[in-house]
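Shared between the two complexes below is chain A, which has chain B as its partner in the first and chain C in the second.
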Partner chain A sequence: MQKVATGPTLQGRIGQFQFTLRRQEAVTGFLFILPFVAFFVIFRVWPAIQAILMSFRQWEVLMPEHPYIGLNNFRELMNDDLWWLSLRNTSLFAVLTVIGNTLISLAAALVVIQPIRFQTLYRVVFYAPVLLSVSSVCVIWSWILNKEFGVLNYFLSKFGIAPVPWTADPNIVIPSLSLVTIWWGFGFPMLVFMAGLQAIPEHLYEAAKIDGANAWQRFRFVTLPLLRPTILFVTVTQFIAHLQVFGQSFIITGGGPGRSSYTVIMHLYYTAWRFYRMGYGAAMAVALGIVMIVLTLIQFRFFGRREEE
Partner chain B sequence: MRRSFVPLAFAAVSVLLLMVAMMMFMSTPVLAQENPTATPIVAEAGTGAIQLRYWNGLTGSDGVTMNEMVAKFAEENPEVSIRVESMAWATYFDKLLTSLVAGDPPELFLLHHQEIPQFARLGVLGATDDMFDYAGGPLPAADFAEPIFSATVYNGVRYGVVIDNHGWGLWVNNDLFEAAGLDPSVRPANAEEYIRYATLLTLDANGKHPNEEGFDPENVVQWGACISWLKPTFLSTLWQFGGDIVSEDGKTATINSEAGHKALQFLYDLIYVHHVAPPPAGFDSWQTFAANKLAMIPEGTWFRNFVTLDNPDLNWTAHGLPQWGDVRPATWVSSHVLYWPASLSGEKLEWARKLAIYLSEQGLYWATSGQVPGRLSQRAELDPEVFPSNIAIGRAFEEYGVPELASPYSTELVAAFEPEIDAALNNLKTIDQALNDANDRIQAILDRGG
Partner chain C sequence: MAAAYSDVGYRRIQLLKKTLVQIVLLFIAFVVFFPIMWMISQSLTPNSEVWDWPPQFIPQHPTLENYQTLFTRQDLAIGHWFVNSLFVSTITTILTLFITSLAAYSFARLRFPGRDIIFFIMLSALVIPAQVTLIPIFLLMRDFKWLDTYHALIWPAMANVFAVFMLRQFFLGIPRELEEAAILDGATRFGIYWRIILPMSSSALTALAIFVFLGSWNDLFWPLIVLNRLEMRTLPVGLTVLSSAYYTREQSLVQAGAVIASVPVLIFYAFFQRQILKGITFTGMAGM
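For the complex of A and B:
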């Protein structure tokens, strides 16, 4: 009886079929993400490359020539006191806002994740400001914070507190803008924290309770360590967002008093769009991008370390 | 095998259709839509086949007045339709610039005279010499008020058609003046009198004036004066003391001159020595004036709408800006000027010119927006009962108005000094430090411009 060599052939066919199927699935998947990739490349990657190239040129709008000037824009930037001033203001704003946003959104998430009455209402109310535009938020808050007619100072006066110059004092103008931003934006990280909290297995809390851990200890030794990836996500995305602050200072304070709330993006906007120095503005954008990358790497190192260990 | 490609092909076709649909949607011009949804900042006038776009930064009640004038033009000229888009000046400059870069600017747009060099040097403004009678055009050049008319010339070429003059005056609250025993129809004659008036008009919570024992400067309930918008207030004061921000040849920054120090010191003293004006940061001068808590406000001609339409109960008088400096009277004056792009031609150019001429002739109607007509014959026709502020401040423009410096870097120059002056007046920098910093920044801009 002759042995029919069906085994390897069948396996080979199955393997080939699986490979073809995987390839087809891959192609199908790729086609599904193609619109996003196409628009991402056209509207994000390509402009970013153009901005980097532009930063090496003396690029003034509508001028016929855009001569290559090497690193001159970056040299000028390093000697531009307004760049350093705006970077300092922006960094202070970002640090205050990220810390405030993270703490408040985490606290709010811890509250609204509990089975309390009107739980859904609280979630909606906390999230609702995120839906507002920056212009609406800033116009409303510029009225609230007005020293003479603002409702905040009105309520404080009921407790005998003298009118606070929320946006007129250089020492408190950035914390004031930060306060506005936290009110506006803490709803989104709250949602992220809620998702993070829901992913923590309940049995870990039960085990901690059996071991005699109180509420604080359960939060400290169970919740926080397991929320570390969520905290990393929140702080990284928040830092990137708040280093690009523009509307709040532009609308509420105009960068003042003096230049106490003048931010990097304001400096970039004025340089590129009001003074038409697109090349120099592009250099600022590239430099800010580098600052963001460095800060993100630092955060990954700081928050990601224990994960790796 | 062939059947397995069906979902793949379906996905590919779907993706392709989706992308094409999105691109079509993105590339559809608003004007081409069958039923465009007009936002409040867009006004359509007329239904004629010749379509013009007219952009401006008139977002207040002046924008409504402008739209009415354009609608009247379209009514009289049924062959034309005009889409007027009004947006905040900051957005407006961004959008105008983008449209010029894209080669699709509006057929008519509004700017100020000081922005002519900024745009003219880029070659995007259409010249308008042939619009005036000295070059055979229909507009009488001698009827256009100085000093603005001369300020619309750059490198020997005239740009734009002036429709108004607007600038800085002094607005006083009659009720507060009368309560202090002062006559609101009499303008303070000089710095000394201005401070005396302001002292009489400033009150703390105990009803004391700044020159009285026990006055509490931290608890003022009624201010005699204020700084208001820094640029025109400071520039007017600087000119009055004989200074300017740059030298006559435009090559040297001069803001930290002796005149600059005197001007800034005068404004600083109003706040911190005489205690008759609040630090500018966070102070809402308009609402304080409307609340009868501010007696004198340096403000623009456009303030008329605020005190007449928005606050009809206010009892006010407008004057030309008083002379605070020791050299000459001076007040900041600017203008709204209509332009068309250099690339415009054919019938659209003809209609843009006709619309500009028409708007220039409607100065009396435009005066209801508070601005001073750009033409002398129209100023002479202003009714004193209806247009007291236009007349009083307009007269000051003719007598001692100083146009803002028109330079390729005018926006940048203002941005260089304004925050420094703000810092000094909010006590964040000394006067010396602020003026020296402003001078260095201005000089850097001038040096870069060659």
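For the complex of A and C:
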């Protein structure tokens, strides 16, 4: 009887103790996430909501009132020739850069993953430009690409090629900026591809070899299919990143010649911070955001499918 | 004999192939590295000679006068810019690491109501592009009277969801037994986080630190918007001003500015390339 009597009390005390512990843990848990959550709400959640609300208002910095104007900002955006031009320029830039970047970084990864001499040197050199700021990159390249005194045209002149107006011709300027960006950035997808290649089991290559597959066939029928998720990851994330191009145009060409390298983020910059039209700028940012979210969701879909397989 | 001969021949062909591949690769590596060397070489050339045709690949009269000019001229403040960049990047990195790792530890180990919902909301916010939030954060900075101060550069960077996500993944991989032993010894949760979890995560923290530091050091758009005074600028912003103002006349000066912005990072990279490449791959993979 005594045992029965003490049992619940002891258990009750243990339960009490566990309850206190658990409450303590919960309090600590809240306290630990509190600083981060505060920043997250102030600088992420609230601004995102605010951006959407602002996009329905005529919000100019110098005006005291910010009247609600419904969809007018978006209507204006649909009729804004500069918006469409910048979207066209930016898409062209992003497509060229992603294609170049993916091909070059994949080729580089395939080479530097081999057990060759100076392997580390190549990796280090190929990644080095990624560490530079966009400003440094543009300062370096606007001088290299200079039509009269640029060293690139000097090298080309050795092959009898007439000076190319890299940044002065409306038809060449976007590919030129793409070239600069590929040089700057291909090291990162290279590392991603290297990790993807390392994950491919060696025995598959051996099996392919035994079946008499040559190097090209091994690449085509083993490497490429198994690398598909990585390629998709690289192309989508790079495309989203390059839609946000700003510095290259801002520093090297100023959006020119004319408006031929004027980009979406540049348009946002001028609208919001040169003309102080914050409401219209917010509408622009929201529109761009929707494009990027759709792209991200497409990527998630494809990744989901990989896991199902 | 014939077999031996053909063996020698085969080896020779292999050697020749290897050498050819190496020559091609060394050439490509040279081409990739050339723009960086060109920047350095031009910065050491007197301004009157950067316009020479054919260009001087190795400066005939090497000089440090461009650097001297950069640091002494009144309408430039590259010393300030450098200090600003270094200060902002360092503080941002330390604070981000502390705040995000604390939250990540909580999300990984502590049980409290609503934990998984909060974490899920955070992850969904990763989908919202940073561009959308630029204007409201700018107006917030204006209301806080933080425009043209370090605050505007440092605090918004703390909302780094990606960092929390990455560190949480890493913390989940640390065996619980160590913590349980520490709890029996009467350690507090903060003590466990500080003395057990953080030291065991040095590789992840280093990777993240490099990532955050470089992001802050190299950022152009945000500092361009929120900074105004000449001496408040960071190096990337200062460089755009330098290049637009002096581009046509003093090219070697502009190149020297780019050297000051990039060579410290490259020297650091030369020493820690192994950790940096590993760390970048690690953080990049967490993004997958």
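In this section, the second predicted complex is superposed on the first by the 249 of 309 C-alpha atoms of A that agree within 3 Å, B and C clash if a C-alpha of one lies under 4 Å from a C-alpha of the other, contacts with A are read in each partner's own complex, and residues count from 1 in each chain.
Convention: a residue touches a chain if its C-beta (ideal position, glycine included) is under 8 Å from a C-beta of that chain, and two chains touch if they have at least 3 such contacts.
From a predicted model like this one, the values you see are computed outputs, not experimental measurements.
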Request  = Could you say whether A:149 touches chain B, chain C, both of them, or neither, answering first, second, both or neither?
outcome  = both
Check your understanding: In the superposed arrangement, does A:233 touch chain B (first), chain C (second), both or neither?
Key -> second
Discussion item. In the overlaid three-chain picture, which partner chain does A:246 touch, first (chain B) or second (chain C), both, or neither?
Written reply: second
- Task: Could you look at A:213 and tell me whether it touches chain B, chain C, both or neither (first, second, both, neither)?
- Result: neither
Practice problem: Would you sort A:113 into first (chain B), second (chain C), both or neither based on which partner it touches? | Solution: neither
Margin query: I'd like to know which partner A:257 touches here: chain B for first, chain C for second, both or neither.
Written below: first
Larger residue footprint on chain A, choosing between chain B and chain C, goes to C
Scan A:126 for contacts with chain B and chain C and give back first, second, both or neither. second
Q.
Contacts for A:99 in the overlay, against chain B (first) and chain C (second): which applies, first, second, both or neither?
A. neither
Which holds for A:69: it touches chain B only (first), chain C only (second), both, or neither?
neither
Overlap of chain B and chain C contacts on chain A, residues 27-28, 32, 35, 39, 149, 273
Per the touch rule, the chain A residues reaching chain B in their complex are 20-21, 24, 27-28, 31-32, 34-35, 38-39, 61-63, 145-149, 162, 165-170, 255-260, 262, 270, 273-276
Per the touch rule, the chain B residues reaching chain A in their complex are 4-5, 7-8, 11-12, 15, 18-19, 22, 93-94, 97, 100-101, 118, 122-124, 218, 279-284, 287-288, 291, 293, 409, 411-412, 415, 419-420, 422-423, 426, 428-429
Chain A residues touching chain C in their complex are 22, 25-30, 32-33, 35-37, 39-40, 42-48, 50-51, 54, 111, 116-118, 120-129, 131-136, 138-144, 149, 151, 154, 183, 188, 191-192, 194-195, 233, 237, 240, 244, 246-247, 250-251, 265, 268-269, 272-273, 278, 281-282, 285-286, 288-289, 292-293, 296-297
Interface with chain A, chain C side, in the complex: residues 18, 21-22, 25-26, 29, 32-33, 35-36, 38-39, 42, 50-51, 53-55, 99-100, 102-103, 105-107, 110-113, 115, 118, 122, 125, 127-129, 131-140, 155-156, 158-159, 161, 164, 189-190, 193, 214, 217-221, 225, 235-237, 239-240, 242-244, 247, 251, 254-255, 257-258, 261-262, 265-266, 269-270, 273, 276-277, 280-281, 284-285, 287-288
